[in-house]
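Multiple structures follow.
Note that chain A is present in both complexes that follow, paired respectively with chain B and with chain C.
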Partner chain A sequence: MRSGYFKETVAEHINLTDSTLQRIWILIGLIFVVALPFYFGLYGISLITLMAISAIGAMGLNILTGWTGQISLGQTAFMVLGAYAYAISVESWGWPPIIGFALAGIVPAFASVLVGVPSLRLKGLYLAITTLASAFIVNQLVLEFDGLTNGASGIFVNRPTIFGYAFDTDAKLFYLVAFIGLLTVLACLNLRRSRIGRAFIAIRDNDNAARVMGIDLRAYKLYAFMASSFIVGISGALYGIFLSFVTIDGFPLLLAIEALAILIVGGMGSIAGAILGAIFLVGLPEITSAIFGMFGETAKQFLSTGAHEIKGLLYGLVIILFLRLQPHGLMGLWQDAKRAWTLWPLRY
Partner chain B sequence: MTYLLELLSSGLAIGAVYGLIAMSFAIIYKSTGLLNFSQGEMSMIIAYVAWSISTGTDGNPFIVAIGSIGFAILFALAVERIAIRPMMGEPILSQIMVTIGLSVIFRALVTLLWDGLPHNMELAAGNALVDFGGIQVRVAQIAVVVMLFVAIAGMWTFFRYSRFGLAMRAVASDDGTAQLMGVKTGRVQMAAWAASAVMSGTAGVLFAIAFELSPSLYGLGLKAFPATILGGLDSVIGSAFGGLIIGVAENLVGGYISSSLKEIAGFVIIILILMIRPYGLFGEKRIERL
Partner chain C sequence: MTALLRLKDVTRKFGGINAVNGVSLSIEKGEIVSVIGPNGAGKTTLFNLISGFLPVTTGSISVEGRDLAQVPAHKYVQLGIGRTFQNLALFKHGTVVDNILVGRHWQMKTSVIEAALHFGRSRREEIAARERVEEIIEFLEIEHVRDKVVGTLSYGQQKRVELGRALATNPKVLLLDEIVAGMNQEETEDIARFILDIREELGVAILLIEHDMHLVMDISDRVHALNFGRTITEGQPEDVRSHPGVIEAYLGSGGAEQQAGPDHAKATEAAL
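== the complex of A and B ==
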């Protein structure tokens, strides 16, 4: 009986794929994603687009919270910055969307340094507080600079045309989001196996030990913050395009909670977990409304009037229940299942 | 001059609200090392319950006070027992996430159980205006300042003289040793939660009387963060004064600089404090720096 997988060299350990079988599965997965829009109607496509955007945002937050162990409630701030960077450069100034996307990453990344420098000097929960504060400050700044941002009325965003190809239908927009999602997965995987990624994990697991090993805590926490905000900013721009409208009302604080909930549900620190969590959490209100729908019209009515509240209630419950009962999230369940499968009939 | 005095007096009143909530943050942080992100939401729920009691009965302030204090204690104990206690010993990240989860749940519950509209809360003479040499102040605003000083005095005596206060200080400085010395840490934690709910509930109710009752009341909790950070996260009394300072500063900014900056003045102050004096004005210097 096989007692486990053994990796003998570092190269084997950091390889992205370790067998032909795995590569075939990845290929099947990609084909599945490409095929998805053909099976869904308009509503389904918008739902899977939203899942993909949330997954990108969650992967961004994962760098900071999952790998480096810093809680951030400023997800919305960086999404707003990214969305506005894209909207202003592309719609107001007429720059090409590809530069808009680059700016949507770069602007939040630099803004994160401003938030990060004071808060990363301290341990623990201070980052949560300052990032929360930054979310409010950013919203106020958007309202304040209304010459640039149109204030509370927001900016209309068209579907982008990149290299002469117009992503004008919902299905095409999904492909764009899925492609950026794929790039994000690759970027995260490669970051994870680099020196920087290992440093992040070291900081999370034991910052004193990490420091003794020669990791500059402040610099690496800032790297984590910047990388995270870069990706989150791009997810914000995509969300703006998805809504076809960028206002601060489009980015409620609930998005920050949602991103944290996605990480907890999926399993902290795992990229696959972030994707699974996004699918689960974006799908959750749909499943709930389907279940409520079985209870007749009044239940349905109740659900549609309080949609935002029900969402908040579900996110809160999911966060607490997962932390209580399954702290390693869906990925933890998957690992347990895998282990049970390999080791069966023995338990350990 | 009158304008300045008006700004100062309303600043003190709102500052007292922040101060009471900031004290609730600090007392939980001090006895359990946990920052309760759902404090503002708890204070909002208690205010809503008080409103329901006052409209359901004839509005006798004593009945409302007793009813809402009783509810606050039971509510806090239930939250502590159901959600927080099982998470003890888990990483701090998970504990904070639980309180964040609670805050979203409470916010949703208020809109679902009551409604999303603002209400006027009228209780006894709380809405009446009092003239202080040309400055109009509401009774509830005076009441909240008085309550803050009552709370400060109460907390000070409690920590200084009572056996339980001593236990709480022992738990704050080293809970392992405190447990070895026979202090029941669970009970200390329960007391901290109950006390914090009563204080922040009082703040919420008085705020609702002086201004209005609406589902955005939870914002008070967010505004009280700067106050606790300014006063020092582990300093209960310092947080109260932090609240007064933040309230006055916010009003002065709103009155003299720009009304939109008023909303974020506190948050800007947080970032400044964390840069200069991260342990706050009255906190202990043991907060670790990098």
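== the complex of A and C ==
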């Protein structure tokens, strides 16, 4: 049985890992991620890259929705802004990709204040609808400022070269995405164990008590919007690079639903849940098409013509199933399993 | 001399009714003052006004001479106002440690960016905060549940966590709203001991809303009695207890069959 429970100094409580065994597991995990592209063909690599990008976006949304309790359907808007910030600065203006990535975070972060301020007093459904509107507004703006954005035709995006290293193959792009994913995980873990993360969760759990503790609700909701949109924007830039093309058509509203579905499936508020959920939901259409494939050609045909609709249907179904049967998501399942394992053969 | 906390002619209206009506009250460092009164007397409303939950309709509240009307609600804590809630208001998904740590929030300065990077000030501050939280946990004798999610704790334990969270804000005045309600004798005595220690060791002034008359009589320096939002009387516990207006207020609120006598503290308690 693992035992990392007894600690001698207070500092040990805030460390991210608390045993050698845990560190070894993390190392194994990292090696596994590095080894992944060697096992997969081109299609497999693009699938795991997509999983990683979705995981980054979901971790971003998790800050706002999972921790702070503010439901948002504005995910797409900030992805689009991030993608265009990157594409315009790097492709149109020739700025270095590293600056492009920074802008892909900063631009959506500040834009989110514009969405955040009017929604400060809104909750639940009203907030969801207001944030949804931001997606339409951003799309409209992209079409409006076609001098900058190239309007509906979009901007072609090359694979980036960072500090002289060209991420020009699919495997290399995966490593780039995985590395940014790792940075995102660390940033989220750090936020989570800080006064900022605690303030977010305090607002979600009891905003009145949070205010009595000196948390400025308006400021912290905006911080949550900004931190969330920063990460979501970067996922948008990565998605643009992944697609080689940034257009508003590349970012359908379904992405916002998908992001929420990922959090619900993974387990609201959990960083690991966001990652597990992304792997599960991005993998789901593949599993489905494999199953449909077993029913022969016509079934397969049906699936490829209605791919978008079927995806939407699947997400809806999964959301309902999880909310109904496993509200704590995959992380909840994992914790139940872990408890059963440590306590076996006892019942409690 | 300016009082630590002073309420001057404070009134709060809800529509047509005056939930708090012209109440004046002041409390000095290290004092324990109880606010008593039958249900609906306006006690919690009074706390809501002092802690910035609700704005006053008329009158003024000041802390060390500073008028609270000029201060945004989330900054009241920085002036030294800490409180617990009549109905628990914990962050229910967090552990005991997490909850009490939130009390340290305003005393920490780490920004969002520093927090995401977690180095230097961010780390130092976090360790200092946790050390203080550990002291509080030890003081309140809840070490054995320190890593439990608060939602899974007993009511009495949750009340202690709330007290700990309020203490972590480093208050000058602590507002405790029926903190022993629903507790047994032993738990109540523990809380009484904590309250006296908090006063003794930290010099914190304590404003206590309480229905438990034994506790009120035992630990209060002064008692302030309210009914229908108005002050009936204020003074020494013994005097307030035997004040005709107070007895009537309690008997009028459904305890008329109880006899007022030498044992009437017990009787009024039962009436509530």
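Operating definition for what follows: the second predicted complex is superposed on the first by the 331 of 348 C-alpha atoms of A that agree within 3 Å, B and C clash if a C-alpha of one lies under 4 Å from a C-alpha of the other, contacts with A are read in each partner's own complex, and residues count from 1 in each chain.
The working rule: a contact is a pair of C-beta atoms (placed from the backbone, for glycine too) under 8 Å apart; a residue touches a chain by one contact, two chains touch by 3 or more.
Note that this is a predicted model, so its numbers are computed, not measured.
Peer 1: In the superposed model on chain A, is it clash or fit for chain B and chain C?
Peer 2: fit
Peer 1: Given the touch rule stated above, what does A:Ile320 touch, chain B (first), chain C (second), both, or neither?
Peer 2: The first partner, chain B, only.
Peer 1: For A:Leu330 in the superposed arrangement: first (chain B), second (chain C), both or neither?
Peer 2: neither
Peer 1: Is A:Ile215 touching the first partner chain B, the second partner chain C, both, or neither of them?
Peer 2: In the superposition, A:Ile215 contacts chain C only.
Peer 1: Quick check on the superposed pair: does A:Leu61 touch chain B, chain C, both, or neither? Answer first, second, both or neither.
Peer 2: neither
Peer 1: Between chain B (first) and chain C (second), which, if any, makes contact with A:Tyr223: first, second, both or neither?
Peer 2: It touches chain C, and chain B stays clear.
Peer 1: If you count the residues of chain A that each partner touches, which comes out higher, chain B or chain C?
Peer 2: The partner making contact with more of chain A's residues is B.
Peer 1: For the superposed three-chain arrangement, provide the angle chain B-chain A-chain C between C-alpha centres, rounded in steps of 10 degrees.
Peer 2: The angle comes out at 80 degrees.
Peer 1: Going by the contact rule set out at the top, does A:Gly312 touch chain B (first), chain C (second), both, or neither?
Peer 2: It touches chain B, and chain C stays clear.
Peer 1: Regarding the shared-chain residue A:Arg198, is it in contact with chain B (first), chain C (second), both, or neither?
Peer 2: second
Peer 1: Taking the superposed arrangement, what is the smallest distance in Å from a C-alpha atom of chain B to one of chain C?
Peer 2: So the smallest C-alpha to C-alpha spacing between these two chains is 11 Å.
Peer 1: On chain A, which stretch or stretches are contacted by chain B in one complex as well as by chain C in the other?
Peer 2: In chain A, residues 217 are touched by chain B and also by chain C.
Peer 1: In the complex formed with chain A, which residues of chain C make contact?
Peer 2: 51-53, 72-78, 82-83, 85, 89-94, 97-98, 101-106, 108, 110-112, 115-118, 122-123, 125-127, 129-131, 134, 165, 169
Peer 1: For a test of understanding, state which residues of chain B touch chain A in their complex under the given definition.
Peer 2: Residues 35, 37, 83, 86-87, 90, 92-94, 96-98, 100-105, 107-109, 111-112, 222, 225-226, 229, 260-261, 263-264, 267-268, 270-271, 274-275, 278, 287-290 of chain B touch chain A in their complex.
Peer 1: Provide the residue numbers of chain A that touch chain B in the complex, in ascending order.
Peer 2: Those in contact with chain B are residues 65, 69, 71, 73, 115, 118-126, 128-130, 132-134, 136-137, 140, 143-144, 217-218, 254, 257, 260-261, 264, 306, 308-313, 315-320, 323-324, 327.
Peer 1: For the complex, which residues does chain A have touching chain C?
Peer 2: Answer in residue numbers: 10-11, 13-14, 187, 190-191, 193-199, 201-202, 205-206, 208-217, 223, 226-227, 269.
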